[in-house]
Amino acid sequence: MSRPEKFIIDGKRLDGRTPDQLRPIKIEVDYLKRADGSCYLEMGKNRVVAAVYGPREVHPRHLQDPTKAIIRYRYNMAPFSVEERKRPGPDRRSIEISKVSKEAFEAVIMKELFPRSAIDIFVEVLQADAGSRTACINAASVALVDAGIPMKGILTSVAVAKVDGVLVLDPMKEEDNYGEADIPFAFLIRGGKIESIALLQMDGKMTKEEIKEAINLAKKGAMEIYQMQREAIMKKFIEEGENE
Amino acid sequence: MSNDILSEIKKDYVLSKLRDGERIDGRKFDEFRKLEIRTGLIGKAEGSAYVKLGNTQVVVGIKMQPGEPFPDVPDKGVIIVNAELVPLASPIFEPGPPDENSIELARVVDRGIRESEAVDLSKLCIEPGKKVWIIFVDIHALDDDGNLLDASAIASICALMNTKVPASRFGLGEDFDLPVNDIPVSVTSLIIGDKFLVDPTRDEMSVGERTLTVTVDKSDNIVAIQKSGDYLLSEPLFTEVLEVSIRASKKIREEILRQCSKAC
Amino acid sequence: MSNDILSEIKKDYVLSKLRDGERIDGRKFDEFRKLEIRTGLIGKAEGSAYVKLGNTQVVVGIKMQPGEPFPDVPDKGVIIVNAELVPLASPIFEPGPPDENSIELARVVDRGIRESEAVDLSKLCIEPGKKVWIIFVDIHALDDDGNLLDASAIASICALMNTKVPASRFGLGEDFDLPVNDIPVSVTSLIIGDKFLVDPTRDEMSVGERTLTVTVDKSDNIVAIQKSGDYLLSEPLFTEVLEVSIRASKKIREEILRQCSKAC
Amino acid sequence: MSRPEKFIIDGKRLDGRTPDQLRPIKIEVDYLKRADGSCYLEMGKNRVVAAVYGPREVHPRHLQDPTKAIIRYRYNMAPFSVEERKRPGPDRRSIEISKVSKEAFEAVIMKELFPRSAIDIFVEVLQADAGSRTACINAASVALVDAGIPMKGILTSVAVAKVDGVLVLDPMKEEDNYGEADIPFAFLIRGGKIESIALLQMDGKMTKEEIKEAINLAKKGAMEIYQMQREAIMKKFIEEGENE
Amino acid sequence: MSRPEKFIIDGKRLDGRTPDQLRPIKIEVDYLKRADGSCYLEMGKNRVVAAVYGPREVHPRHLQDPTKAIIRYRYNMAPFSVEERKRPGPDRRSIEISKVSKEAFEAVIMKELFPRSAIDIFVEVLQADAGSRTACINAASVALVDAGIPMKGILTSVAVAKVDGVLVLDPMKEEDNYGEADIPFAFLIRGGKIESIALLQMDGKMTKEEIKEAINLAKKGAMEIYQMQREAIMKKFIEEGENE
Amino acid sequence: MSNDILSEIKKDYVLSKLRDGERIDGRKFDEFRKLEIRTGLIGKAEGSAYVKLGNTQVVVGIKMQPGEPFPDVPDKGVIIVNAELVPLASPIFEPGPPDENSIELARVVDRGIRESEAVDLSKLCIEPGKKVWIIFVDIHALDDDGNLLDASAIASICALMNTKVPASRFGLGEDFDLPVNDIPVSVTSLIIGDKFLVDPTRDEMSVGERTLTVTVDKSDNIVAIQKSGDYLLSEPLFTEVLEVSIRASKKIREEILRQCSKAC
């Protein structure tokens, strides 16, 4: 892949999307049997699976917190998920993503309800496109609901990039690699409304005005994703109801 | 603790059913669960397959790149099989480097592919003694509801059948289909006293993780055997498992061909 | 245990002061601690800087050597930022490979340098596609009295400004000054409810390790942001932190120029 | 080493043995002072030492089993044991061998007699020839007897290979590397009779009839090895008696 | 750096010192805020920082000793401390230096006063010249005094090398690398007198007479260093007194 | 626990004997245990030696292969000494990467060989600056009944004396004997107060692991010293140990020559 000459031609991006358009998203709830909650999610070419285990006993005892559940989050890429085979095991990028994602969920899970226990969130990236961390957070959110973990709301995540000076929603690979800036967000949505920011990173170059604009674009995208998360969860409950 | 009790109850149930000559999910002793194969879902891999065997799910991706041959076979490609039993797939899998179980799984799958000569490695030489194709078979467990081994073996051979050698990417001519000549099928049986059950579920495994895996090639040769678990195996039982494994392998191979030719 | 009580008392004190609109050390909310920079103390390194920010101390050393470029940018030098939070610097740091905190610190410092294009990497190509200069930025914490991140970022850019490319040692012509074009400044704020404090001390951090780091280049562009910690950030607060960070970064940049031009 | 043209000439193998003949075996019991039981064993060019420690306290406490002893088995190769220097530490092959060997011994040691304790079996391969795992099991068996660990019987291990279409007992390196198949067995021998199979692996190509034939050949070899294990143990007890 | 033709010309060493002369030394006590005791020390081009934490709780519980404090010593080199960048983390040399330095301090710290606890000594080499282990011990000694850890006396460390057949005190890099022998010593000094040897290593070639001579030279150097350690500590106490 | 009591009793016994001027096994203070050397038992190694010193047993194997020289000595071979204190050899050895004790052991053995210039490394250059012979000396402990260090040092030099450089295997001419010019001998003494015992057994070590190792070359030069353990050494005692070590080393060297020339 090399840098495209132009990212936006006649108002359309390289994959035909408008600047404020998301990539196609597919969500499947309760995808795994063994996990307490799970979700398969596609976002563009991202293919990710999330599983939630817990609340469950914390095994190395000294890790227990007597006042609340500990949250663990493991973002992991399959060796075949990227162009060049990735050596198995966590690298520095995965460790950082796991940390900020964990902290986002720590802020919304009602962890005081489960002292001494652990809630484990595992996300596996089977295929990585741009924005795999946002896809994983979206999948993990749904898996947490599927597992029945009480939360203040739902987390919904999407990134905004800047290419040719234009802000674009949910960047694809070329926009991510060769764009001028990239900001992944995760928002807490409660009662159908965006309440606050749970995850925020940025690299690139942006003025503070562009950043404010980026938030608005991200919020628009997040609301759309939120609807899809909701529908997927609803669909599962309806199916379960029908099966009874 | 409560897990122990649950496991004890499951164990009793499996054993009582077994005394009545039945399995808890109604299958015959030599019957595999429903098998679902999808190939090609990982576009970034040279080949890939998703396998669902009952509720056990696994994805295998194939990556290829030029590399050095082994010194004693300078004109043949190299296969490396690796398995990640990631903690997403089971409450008992832990993060970290491969443990003895994932290493055993990878090595048994590897032996089936290698010894059946499923991949024609002699067609994967680029420059004798210097450069050959390296094939990475990465097994990624998603859901371990029992018999991850056979599911992984099926996914591995299906992914290989689905693989395009990425020659053009490395400036080595046109891409070509990976030459696959055989479909080795591993058949794992759970050993319970003097009885055995093919393709055990996780619930059935609660009676004790004692298995015998027999891998069979398309000509009914045995190409790999692995006794796994702390038990003693009688010779007559072994003979019986061998026979049944050969029979069961044929059915699975047919199923692979049916679903994979459609898919590939 | 007694540590918990002490920490609880500190927390209460910080919060009660905060209700009175004050910080425990009397600083304004947007004010950094006293900054002291010394460069060139490590003669064996290509560049080095010691930074003391309040009582937080850090040393950064730069080593350079020829190496391979990244395949997608064959004509540019490579920067690698690494941080060692050695147990000497804090009772809570442990020996061993970098944990998530030191990795995050190194990566945020790295992004500030990289995205501000502070180092002109295009002048560090030796032979396109084959050999470029590799710059190792090693952050070595000495005393963590809070906000090690900003201190590390300051020390890193000062060390780079102080770096001589050791061309002659590798038979590659004469040594030359590392071309540095910008001075990115990271500004870390401690978030406490709907308030925030710039450049928090360790005692202030006892209220909860919830920070927002904004890195600003000399043209007031934001080049990196990192929200760190288990909290929810409101949009208005974020906007306010952005504004204040830009302002604070200017002062620090002036201080760097004042102390570093003297030193370099 | 390169592939020989023929493995069997005039009914003799490359080292002069007949197909059903073992390599020379040498067994020395109580070889080490510090271990609770030990054995030095040569089998062809294999030189292995086995040590048994235990029953003893299990140190990382959470590894204890309140109902029985845990068995640990560590197969390890000295760096100089093979043609090309081996990097110290366990590789994938050693880990697999350790696992299946451990399980074989778990099936015969009366581990219920020693709850909460560990029985550690360590085998060091000083020089590796074909069949080092079988040599190690034979040595470990003797070391366990030397340590006085109660067992249902003794484990005796030997492999069978197929070369030029012929089954051969206790294959040497060339037969192992270039043969058509290899099956290592370990049998439980009790009261002088082979009772069952404790270890069984196989790779190569064999018909089911050949496998049955291989078992019989392996059983013949195992009985011979068993006699040598017995004699070595007897010799030690007689010597000890004499020394009293 | 390549081997100099001669190490001593007209009775002077390459850096102008006489054979029995130390390199310049600079000591700063209480250098760090977080540590319980600390010291910055320069010895030639060595720049080292020592920190002492403790007595404090031992965290992996099973490491506790019910009869005395455990002493831990970690000698660590910054990646930029040497000509060629050093990969972070302990190498074999650092591990050996840490071991013998720890043992030297174990012999002088009154560890029986603090059962079940740990005294941690961390030394970071920011720039390494010859004799970094001796510089670190000198810094650690001062840091221990600063931390108020009771000791039988103070440890003072210096090396002696042999170059061109002559014994030289406190060798610099060239003398260390290309000299004929090197002996690092650490002495226990109590009541202003050298009492015994706490650390002793040697490599190179020396007769036993030369070794005895080396001890005397080292003792002379140690007494000078000891005076500087004393002054640095005194200075701190005087300053503290003045600040009150 | 019971181990502690046993160890306490042993300690008392050793000390009470010592007060009577005796060792528990009747040896003199400066006397080594019976030494038995066998060389060449590992045919796959370039050289090997088995040493039994009392009940302490160790095997050393030598492997050689061409490799890169150190940049500062481009025309000399390289020796790498590695020790594995495998858990087979002692109830207190643990599996895993080398700990401080095995590293110290390997490094002290290494210094004896290196500083005595026992191996003529200048004869091991293949192509200056590019290719030299690398010698791997792998120490493999079998039974640690005390003083594994001296046993390892003896086995190492015997294995080296027994080594054939495998030139023909790498197409580098005919095999030749490794040129060995000296026989460094390490003598380890257990320090007990103001007394010391040469070549301590494990039982003697129960009084405290405080040793002094002095390595001596054939010309009575000291080539390595290592004080090991948490004790203070008086100057007079040190001088005495030096004298005794030189004397003891001569006897061991004679024994090595007697047994090894026979064997080699």
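Order of writing sets the chain letters: A, B, C, D, E and F. Residues in each chain are counted from 1.
Basically, a contact is a pair of C-beta atoms (placed from the backbone, for glycine too) under 8 Å apart; a residue touches a chain by one contact, two chains touch by 3 or more.
Keep in mind it's a predicted model, so treat the numbers as computed, not measured.
A.B. asks: For chain C and chain D, which third chains touch each of them?
C.D. replies: Joint contacts: the list comes back empty.
A.B. asks: Compare the contact pairs of A-B with those of each option in D-F, E-F or B-D, and report the one where over half match by residue number.
C.D. replies: When the contact pairs of A-B are compared with those in D-F, E-F or B-D, D-F matches.
A.B. asks: Among all chains, whose Cα centre is located farthest from the one for chain F?
C.D. replies: A
A.B. asks: How many angstrom lie between the centres of chain A and chain C, each centre taken as the mean Cα position?
C.D. replies: 28
A.B. asks: On a C-alpha centroid basis, what's the spacing between chain C and chain F, in Å?
C.D. replies: The mean C-alpha positions of chain C and chain F differ by 49 Å.
A.B. asks: As a quick test, compute the distance in whole Å between the mean CA positions of chain A and chain F.
C.D. replies: About 58 Å, centre to centre.
A.B. asks: Where in chain F do residues touch two or more of the other chains?
C.D. replies: Answer for chain F, listing residues that touch two or more other chains: 98.
A.B. asks: Using the touch rule from the top, order the ring's chains starting at chain A and going via chain B.
C.D. replies: Counting round from chain A, the next being chain B, yields A, B, D, F, E, C.
A.B. asks: Help me check something: in the complex, which residues belonging to chain E touch chain F?
C.D. replies: 2, 92-93, 95-96, 98-100, 102-104, 106-108, 181, 183, 188, 195-208, 211-212, 215
A.B. asks: Residues of chain B touching chain A in their complex?
C.D. replies: For chain B paired with chain A, touching residues are 41-45, 48, 55, 57, 59, 61-63, 65, 82, 84, 86-91, 95, 97-98, 136, 138, 140, 142-145, 202.
A.B. asks: Please output the residues of chain C touching chain A within their complex, sorted ascending.
C.D. replies: Touch list, chain C to chain A: 72, 98, 100-101, 103-104, 106-107, 111, 114-116, 212, 217, 220-235, 238-239, 242-243, 246.
A.B. asks: Given the complex with chain C, which residues does chain E contribute to the contact?
C.D. replies: 32-35, 45, 47, 49-51, 53, 56, 74, 76, 78-85, 88-90, 120, 122-124, 126-128
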